[in-house]
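Order as written gives the chain letters A, B and C; numbering starts at 1 within each chain.
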Amino acid sequence: MVEQVAQVAQMIVHGEAWTVKDLFVLPNEYVYWSIQIVMYPYMTGLVAGAFVLSSLYHVFGVEKLKSIARFALVFSFALLPVAMMPLMLHLMQPLRGINVLMTPHFTSAISAFGIVFMTYAVIVAAEIWFVYRKFIVESIHRLSAKTARSSYESLLLMIYKLISLGAMDDSKEAYAADHKAVKLLAGIGIPVACFLHGYAGFIFGSVKANALWMTPLMPVIFICSAVVSGIALCIVSYYVFMEMRKWAAKRGKNYLLPDGLAHGSAAINYDELKSVQDHEVRMTSKYLLIFMTLALTLEILDMIFRGYTAVKSWDILRDVLFEHDFFKIFVLQYGIGNFLPFLMLLLPGVTVRRAVIASCMVLFGVFMMRWNVVIGGQAFSLTFNGFMEYHLPIIPHDVETFKEGLGGALLVFGTPFVIFYFLNMIFPAFYVDDEGH
Amino acid sequence: MKNHVWRPLFVVIGLVVCILTFRMFYIPDDFGAQDRGYTFGFHRLSNEQEWKDYTAKYKGAEYCNECHFEKVDSLSQSQHEMIQCENCHGAAFDHPENPEKLVIDSSRDLCIRCHSELYMPSSGRNDIPGIDPNQHNVGTECSECHNPHNPSLEDM
Amino acid sequence: MKRRDFMKNAAVFVTGVSVSISALELLDPQEVLAANPELRWGFLVDTHKCIGCGFCVKACKIENDIPLEANVTRTWVERYVIKKDGDVLMDSPKGALNGFTNKDIDQNRSGMKKVDDKDIAQAFFVPKLCNHCETPACVQVCPVGATYQAKDGAVLVDRSWCIGCGYCIMGCPYGVRFFHPIEHVADKCTFCYHRISNGGNTACAQACPTGARMIGNLRDPNDPLTKIVMGERVGVLRDEYGTKPQVFYIGLNKEVH
């Protein structure tokens, strides 16, 4: 009897808690890929986008983006572990996640995850190492010179010594070599970042059983919207962090930059921060506009093509697109998420505030796009004769509804900021160094 | 100290070596591309045997016949001869050891699986005598009047 | 300096790639099959014979330890009711675990739909199960090699290796896969591999009172199943996906897919 009770408690039909079926749906059909799989391409998209933004400066030498580039790089690194999180939260057997690395089956798009992800992580880590090597060496000297170190400073010194990998060469040639390495890594990083996200699109685009997903445009659409969302997130968080720093600067403090750095508190001043912020946000929003145009064009093309060719699945897709998900697709995604911010950025005289609000809307729009692809793709039955509706679990009543509910999604979204906070202690993202890169 | 640029690479190589070493111990020996090639046959070979060793629960009428030959014989004379013993008596498992006694399902729900009348032209269902379970002697078990081993209405 | 960089990089790259290539021994499936000609499991469903009793579903669930009350199943039966006005209604309440005992059609959230007998042009049942495809889409997409096809065509899942990503569930065009409610790994019909490999019948085919289900060896020309598949007009489900399904149907209609 006890055994039986334990079994019943364990018994979960995955997907049943949040799926509502209508008309004829096969018995095993549920919304198996829910909010975490929406978060997954969203987060990898942010990683890839942030990295591409930083590369615009590092590779293509877009000098105007210098200040935000460094922030974008560190932020991209902070986002990186979080790209993995939704997958781990989604897996029914999270402890076996390592199998993807151990026995990758290369005919599956997901198997690329382990290898591409690791490659990408290594590239970003190495790039950060080269970008900050001068800073690390200087910090070691600075902290070693201190006679009375606080325990925090001792810890920091230890970390710096460890990550310096013993490379203490501070000659001009050595820094020149670093500079080259950064350029090279950022250069390699762009295709890898695109691949990282392109294959996330391929994961969906190659599912031949799913009428909505199956299109070769999917990887390209995913990359474009990834860059869009990555840039938008960088604009928004850069703005927020700079606001915090401005607020602190007025009170003579220096937020988000370890105190007493060589270029630290002395250089801080409200007006300078404000002008840097204005300049960076406005510049970046121009790039945002370019990538948005591209993403939007492809998405609309995909929809027109489906309507025009009108193969067997079009009847049910039309029902999903224009009836069931009309509000989510045309109002939330295209309206609020695309056209409005598009206009806001296009109209002359872009102010920082307008750019940031537009970026927030873009972030929301890309999220809705992921939602409409992932959830929308499961909104209809394989039989084309029924519908499934997804109800996001808001108040969790067990582990599963937490993991695959609002709680899990917020956890995933919040984590990069926590990681960034700690990462910023080691690699100050707002550290300005005129000779550096 | 000129070659400091290579240090991250050494770390990466070290990492890769660690992963590959771990991989050697982690992966079962018989894991690999088997008979169906890499695309369709990449798996742990011994799992096939594991599935073959799965325990069967249904034993079939021959198994029942080893002891209950009279019952099996009487059923095989009737219109219900095509119905497996275990459909109503439950899966045998290791009967008579475990369970010692099988629980017979004599509910109305069982009988109306076939005998609830549905209009199904172009289906075999139409050829089966059927009743409307909401009208036909509601509340009584079918076996009170009908003998499942000899359902012939004439012998009632 | 530059050339040396390149050489070192190249060396690292080659080592890395060769490690992964070793896993990529591409074998031609046709060649492999030709070498093992004696056994290929196939299945036959006669939709004329199916009476919708659902004994197959019940037997399957008990035989394969899928909790009866869980709303997932390895095999199920669908009811098709085609009305004289051309409307088609379909349902499969609980996968037909308890058979079809009600004239009303279960439309899930849209409720039970009443159909008058005199409006029905034709109505029939279609049992469904895993097609054990020749080129299974679900196996192709498994990232870790947890699901696979055995030499005899059976598509199985390694329960100790599945990570539970659900990609195979998404990849299957027939909706036969689901997460096992207790094991928490992908699960599907195995053709009762433990029974057929030891000379038995599948639990569903054994439980079927009318002989609507049949398992057999497609490589054996004298197998009753092969005789029908070769000698009569049979169809398969959704072959447009290129999966080459190996469950054959007698009496398919255009409404069924």
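What we mean here is this: a contact is a pair of C-beta atoms (placed from the backbone, for glycine too) under 8 Å apart; a residue touches a chain by one contact, two chains touch by 3 or more.
Nothing here was measured: the structure is a model prediction, and the numbers come from that model.
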Pair exhibiting more inter-chain C-beta contacts, A-B or A-C: A-C
Greatest separation from chain C - chain, by CA centre: A
Averaged-CA centre spacing for the pair chain C and chain B, given as whole angstrom: 14
Chain centre separation (chain A, chain B; CA means) in Å: 45
Between chain A and chain C, centroid-to-centroid distance (C-alpha), Å: 37
Overlap residues in chain C, where contacts from two or more other chains coincide: 23-24, 140, 145-146, 161
Contacts with 2+ other chains: residues of chain B: 9, 31, 38-39, 42
Per-residue multi-chain contacts in chain A, two or more chains: 102-103, 105, 107
Chain C contact footprint on chain A (complex, rising order): 7, 10-16, 20-30, 32-33, 87, 90-93, 96-97, 99-100, 102-111, 113, 115, 203, 206-210, 381-386, 389
Interfacial residue positions of chain A with respect to chain B in the complex: 98, 101-103, 105, 107, 122, 125-126, 129-130, 165-169, 173-174, 177-178, 181
Residue numbers on chain B that touch chain C, as the complex places them: 6, 9, 13, 16, 20, 31-44, 47-48, 51-58, 60, 82-84, 86-87, 91, 109, 112-114, 116, 118-125, 128, 133
Parts of chain C lying in touch with chain A, wherever the complex brings them together: 20, 23-24, 67, 69-73, 76, 88-92, 94-95, 107-110, 128, 137, 140-146, 161-167, 169-179, 181-182, 184-185, 241-242, 257
Residues of chain C that touch chain B when the two form their complex: 8, 12, 16, 19, 23-29, 32, 36, 47-55, 58-59, 62-64, 98-103, 117, 120-125, 135-136, 139-140, 145-151, 154, 156, 158, 160-161, 190, 192-195, 197-198, 200-201, 203, 206-207, 209-212
